[in-house]
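Below, each structure is written out as structure tokens.
First subunit A sits with subunit B, and in the next complex the same chain sits with subunit C.
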Partner chain A sequence: MVRRSRRPNVPRKIVLFALGIALILGLHVKTAWAQDPGVTATEIKIGNTAPYSGPASAYGTILKTVAAYFRKVNDEGGINGRKINFISYDDSYSPPKTYEMTRKLVEQDHVLLDFAPLGTPPNTAIWKYMNQHQVPQLFVLTGASKWGDPKGHPWTMGWQPTYYSEASVYAHYVLDHIPHAKIGILYQNDDYGKDYLAGFEDGLAAQGRRLIVNRQSYEVTDPRIDSQIVNLKNSGANVFVNITTPKFAAMAIRKVHEIGWRPVQFLNNVSASVGAVLKPAGFEASKGVMTGIFGKDPSDPMWKDDPAMKRYYAFLQRYNPAADPKDAFNAVGYSVAQTLVYVLKRSGNNLSRANIMREAANIRDLNLPLLMSGIMINTSPTDFYPIKQLQLAKFNGQRWEPFGTVYAGAINRQALVQ
Partner chain B sequence: MRLGLLLVAGVGYLLPAALSSYQTFEFTQVFIYAVALLGLNILIGYNGQFSLGHGAFYAIGAYTTAIMTTRWDIPYGWAIIAAGALSLVVGFLFGLPALRFEGLYLALATFALALATPQVLKYFDTWTGGSQGIVLDKPSVPLGLPISADQYLYYLSLTVLVILLLLAHNLLRGRAGRAITAIRDNPIAAEAMGVNAALYKSLTFGVSAMYTGIAGALGALAVAFVAPDTFSAFLSINFLVGSVVGGVASISGAIFGGAFIEFVPTYAQEISRAAPWAIFGLTLIIFMYVMPTGVAGLIRRVAAALARSMASEQPAPDSQTAAAEAAEGNRGSARAVLGKPD
Partner chain C sequence: MAALLQQIVSGLSTGGVYASLALALVLIYQATGVVNFAQGEMAMFTTYLAWTMINAGWPYWAAFAATLAIAFAAGVLIERVIIRPVENAPVLTIVMVSIGLLTIFNSIAGWIYTYTVKPFPSPFPSTPINLGPTTISLQDLGVGGVSLFVLVVMYVFFRHTTLGLAMRAVVENPVGSRLVGIRVGWMLALGWGLASLVGAVAGMLVAPLVFLEPNMMSGILIYAFASATLGGFNSAGGAVLGGFLMGVIENLVGTYVTFIGTELKLTVALAVILLTLLIKPTGLFGRVAVSRV
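This part shows the complex of A and B:
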């Protein structure tokens, strides 16, 4: 043994040399295959920022339900054997705090991606940073239309239908179903209102735009909007597009009814809450108002025997009992979490940031249990707007009643050019 | 003071070598807050005027920088100076009518300013970009220095802080400083001695606003984004918290206060995800209980106690005792300001 091993002295050097080369090559190959941060054999680390305190803290419940959903996924064995480690920081809806917390997530906690950060200003604050550092800013929870920009910002993707998309659906409906329409619009004079307005006007296209006979705006600080409603009525409009936040939406619907104006009414989804808007406006006054919805309303008794809704209620009871299951925000959290789980499962063991963005940009006809039937999530490398379709619904005096087919909303190309 | 400043500057300039880029950013924020708090300390601690609205001046500085650098392509260095100058003017003008208010009433008037700020910013949306805000470009590293953009911002903020610390030190030590503190301690006596109280109070408000405005300018550059939601009334309250925790009648207190409002909320979140603000509040109460004159006040007290014990052991040179006494006196006046909001 000893003799034999001593004899091939030179070959052993060669072997060592070869081993060394292999090691270097191996290291090289390893760096080429190197996993992005945040992933081990047993864990996927996912970051998030959301307002758990401050004026926008009502939204925080969405992310609490997201965290609960990941606990459920982990209890069921995780994703391909990996548990989700969800780190969510409070940013109080303050953009610099979002920026700071996001840097902490990326540089200190080494998360794989930033999932569902909430709010338009907070997301704007980290937009550039995420794209410079090539970390996915995936399924952001805001209705602004600027997030689907695969060319300029390939690491950022929206989720919910944008204001612009939604308004274009109303425009299409008017063109298709209301002959001799004379349209009056009331909108809140800020970015949100203007985003809706642009979507509606673009949806009508050049010749349809003539149908608009009057536009009225209000400031969010205005105490009342009575005179705007009277002006709209006097303009002879027979279609009323109501682009207002909940308090004003209730006032508008009530005033329209009081002055005996009977237009076809569209109410933006932002204010589609039965409890917060239609009830104070009066159920009688709200009859016939239309809106666009994409998710099943958990407070609607229509769904009480729906198996998907039953599973949602059971899930919340077990994993987030403090949450109010009737609050539609919790349903949003449930659905957006399912979207991410879908993408992670599809990514398999190739959990690099680039591959996750690739999978997120190649979703085909995904219908989640709490989305209206017929509403599909679709993305492509040039389409970063996962939910674009809406189901129109009419208020029947008690609840929203879906009718007609699903409409596809338009994408705001203009916003991307800027 | 000089020795302390040298120490801070020395450690500060060497620190980034040992920090990750995220920590570098955190310390940059500390320096920026320290500049803002320095302005507040001059106003509250040395002049005895209250402000719950310095977030507004922070916003003025931030938006001046954002608008100048993105719309007019003016180099950020000039934008910082312009931000300071504009805040000085606005602060001075605000100080004129505010003179009619004393103590708590002034606090309320300035609080109104803080409450109005986000809405005013949204109202002038052709300039400010509305609630979407303005995205800035981060300053690039000049002269091909071998440091990262984060480190450059760190050094920029630290340098501005050191310059403004020196400026505050010289201002408060001189004739103007004596007039400012005299107004705090006894306005009637000060006026009897020929101090133009109205002018000095407005000027102090202006200078204080200038400091906070410069901090806002740096803050906008560091985060590279401004939006109305940044400048909620909570920011102003945070400044007041930092100022009091650090030590309101001190220059060095601004740095401790900056560190407090930067780090404590983050650590509170790490201790308890469920109730971080309860932890923050508890920490605040403990700080106020243990250090009623702020961190800087505690350090002065400890230093004074050390000096006294040394003096009792061996005959100390006169100057040292005098320094200890002066420090004690300083602390006393700080307490008077805090305890007597008249």
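This part shows the complex of A and C:
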């Protein structure tokens, strides 16, 4: 019995295998002419992954506000009569988990699209998968410059200004406003730091690049960065470009002040938090530091009579009362959710994945209520970078004070060639 | 020249940070014969306790004293509850237990206090002092000063008090110690308590400089290990000197050796550990341990 049972099993396996292939092919043929999954007459199913736990869980609040915003949209009748069913899974910022959860969203939950998955490593993990399966990976929440690649990855689109764009704005400002600039740069030695560095150097262009007198890097494992700051000061630099994550940003600002160096300082937006960076660094030491912003800061009293800000506060109080309205992350969630709602509304009843990507790639001059005035969302079939403009702001000892005009950031063409 | 001087001064002040934690590592090694990988995270966690008390409105020194007391008790408790059962297990088991403690403390701190950096008050003013062409802050001087003070206290304790001598005897010869009436188990627990206390001092000194967050000590721990190895694991003075040396070596190599630069600074620390173990395993000031077989 035992010996005989082995052989007949082989053809049965082949039959099963063939059946499986036929089924898969059948499904694919079916999707070619039927409506894409995730849409019925009454519902649009949207997926997401975000870190609700783990070291990056501070970002989780963005997606909680997104979910709250969709509840508000549903309460007001939904989109063209369809309610949004938002399924968001915790990936704890771990790429393998993101991959697993995203497959679940696509293959078991059958979502129409993956909206605003958060973080560069998690999005990198699902980049290929989404494009192979032709499922939109729409408005990803990361500042890396690789997401705007319509040719190679037509199903992925960024949202916020990229690190590259932001740094190019600082470079333009230096060229325009600081004569005899001698620039010293401190950057984190990884993809994020190098993305910023490339944007800054390309923004200066060939003749401006010789203004850089010193570049210093640090590793995230370094306990302190005093040595680098001392080197930058000794290089004679009078402009300091601070490309660091919050802890190191605070250390750098404090050390610069402590050793009596008084350069013009640019701080990357990543670390522009007043509470988590400037307060630990000291308000006195932080005075005069500049950064680029694109959204209104909800903690800034300057907006307290702004009708858009009042609506945001009222919305959070009703739909997500546990969230801190002053936390700028919640404002990001509010704005990114509005961008998707805009695209879904414009797609009307043609809610195929391809049409949604088409609409997302044809946004003209959309200004959302919580973006700074003058900052417009624009996309085109060759431009997958929705927000490219930035407003410069200077810290006045209490808060970020916007000044000057809106700058248009550059797009990293180099990254796309790779 | 001014640049060189400034790098040396900044190296010394960073070295003070390494020295303070290296002292706790050396202390527990001298008192129990164990290398405790969780030392840094225990220090970080007790610093959070101090932060909680200060935020609740306690004056700094009251919170400081209370934290030291809690740290001591917690150290004793950890030895009694967690280390005791594996006391006679191979060294590797104890190393693994201490690495387990490391991740547990790190995760619990992140879970309770989140990963956002928090400013921590310093007992020393942050005003910089001008030393010719260079500057040093009173905070940095304070860290170095306190490390030296702890060193002197440790020296006196281990050389000239009965308790200190008893603790050293237990490590050298547990059976003989028990025969002369020393309570071996409690001596080991005491060692953990004291190391945890010295660690808490290090944590509270370092936090104002590097800001309080769950990963505050992880980078420092590697350099503290390098310092202790360089100076000699059974020499407290060597560990402090090793700490200052590490800080200066790291800065000078990072600044003047261009192919290393700032990118390979951590590698320098690991290279120091390796070279010391290869050339002089006992460190600069360590004694060669002779044991009768």
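Just so we're on the same page, the second predicted complex is superposed on the first by the 385 of 418 C-alpha atoms of A that agree within 3 Å, B and C clash if a C-alpha of one lies under 4 Å from a C-alpha of the other, contacts with A are read in each partner's own complex, and residues count from 1 in each chain.
FYI, contacts are C-beta pairs under 8 Å (C-beta built on N, C-alpha and C of every residue); 3 or more make two chains touch, one makes a residue touch a chain.
Quick caveat, the model's predicted, so the values are computed rather than measured.
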{"item": "Partners on subunit A (subunit B, subunit C) - clash or fit", "value": "clash"}
{"item": "Which superposed partner A:55 touches (first subunit B, second subunit C, both, neither)", "value": "both"}
{"item": "Subunit B versus subunit C as contact partner of A:312, first or second or both or neither", "value": "neither"}
{"item": "Partner chain in contact with A:128 - subunit B first, subunit C second, else both or neither", "value": "first"}
{"item": "Partner chain in contact with A:251 - subunit B first, subunit C second, else both or neither", "value": "second"}
{"item": "Touching partner for A:234 - first (subunit B), second (subunit C), both, neither", "value": "second"}
{"item": "Which superposed partner A:259 touches (first subunit B, second subunit C, both, neither)", "value": "second"}
{"item": "First (subunit B), second (subunit C), both or neither touched by A:276", "value": "second"}
{"item": "First, second, both or neither for A:221, with subunit B first and subunit C second", "value": "both"}
{"item": "Interface residues of subunit A shared between complexes with subunit B and subunit C", "value": "55, 219, 221"}
{"item": "Residue ranges of subunit A touching subunit C (in the complex, touch as defined)", "value": "55-58, 189, 216-219, 221-224, 226-228, 230-231, 234, 246-247, 250-251, 258-260, 275-277, 279-280"}
{"item": "Of all residues in subunit A, those that touch subunit B in their complex", "value": "52-55, 89-90, 92-96, 99-101, 103-104, 107-108, 119-122, 124-125, 127-129, 144, 190-192, 219-221"}
{"item": "Contacting residues of subunit C [partner subunit A, same complex]", "value": "2-3, 6-7, 10-11, 13-14, 17-18, 110, 114-119, 126, 128, 135, 137, 209-211, 213, 218-220, 222-223, 250-251, 254-255, 261-263, 265-266"}
{"item": "Subunit A-facing residues of subunit B, complex", "value": "20-22, 25-26, 29, 119, 122-123, 125, 130-133, 135, 219, 223-230, 232, 234-235, 266, 269, 276-277"}
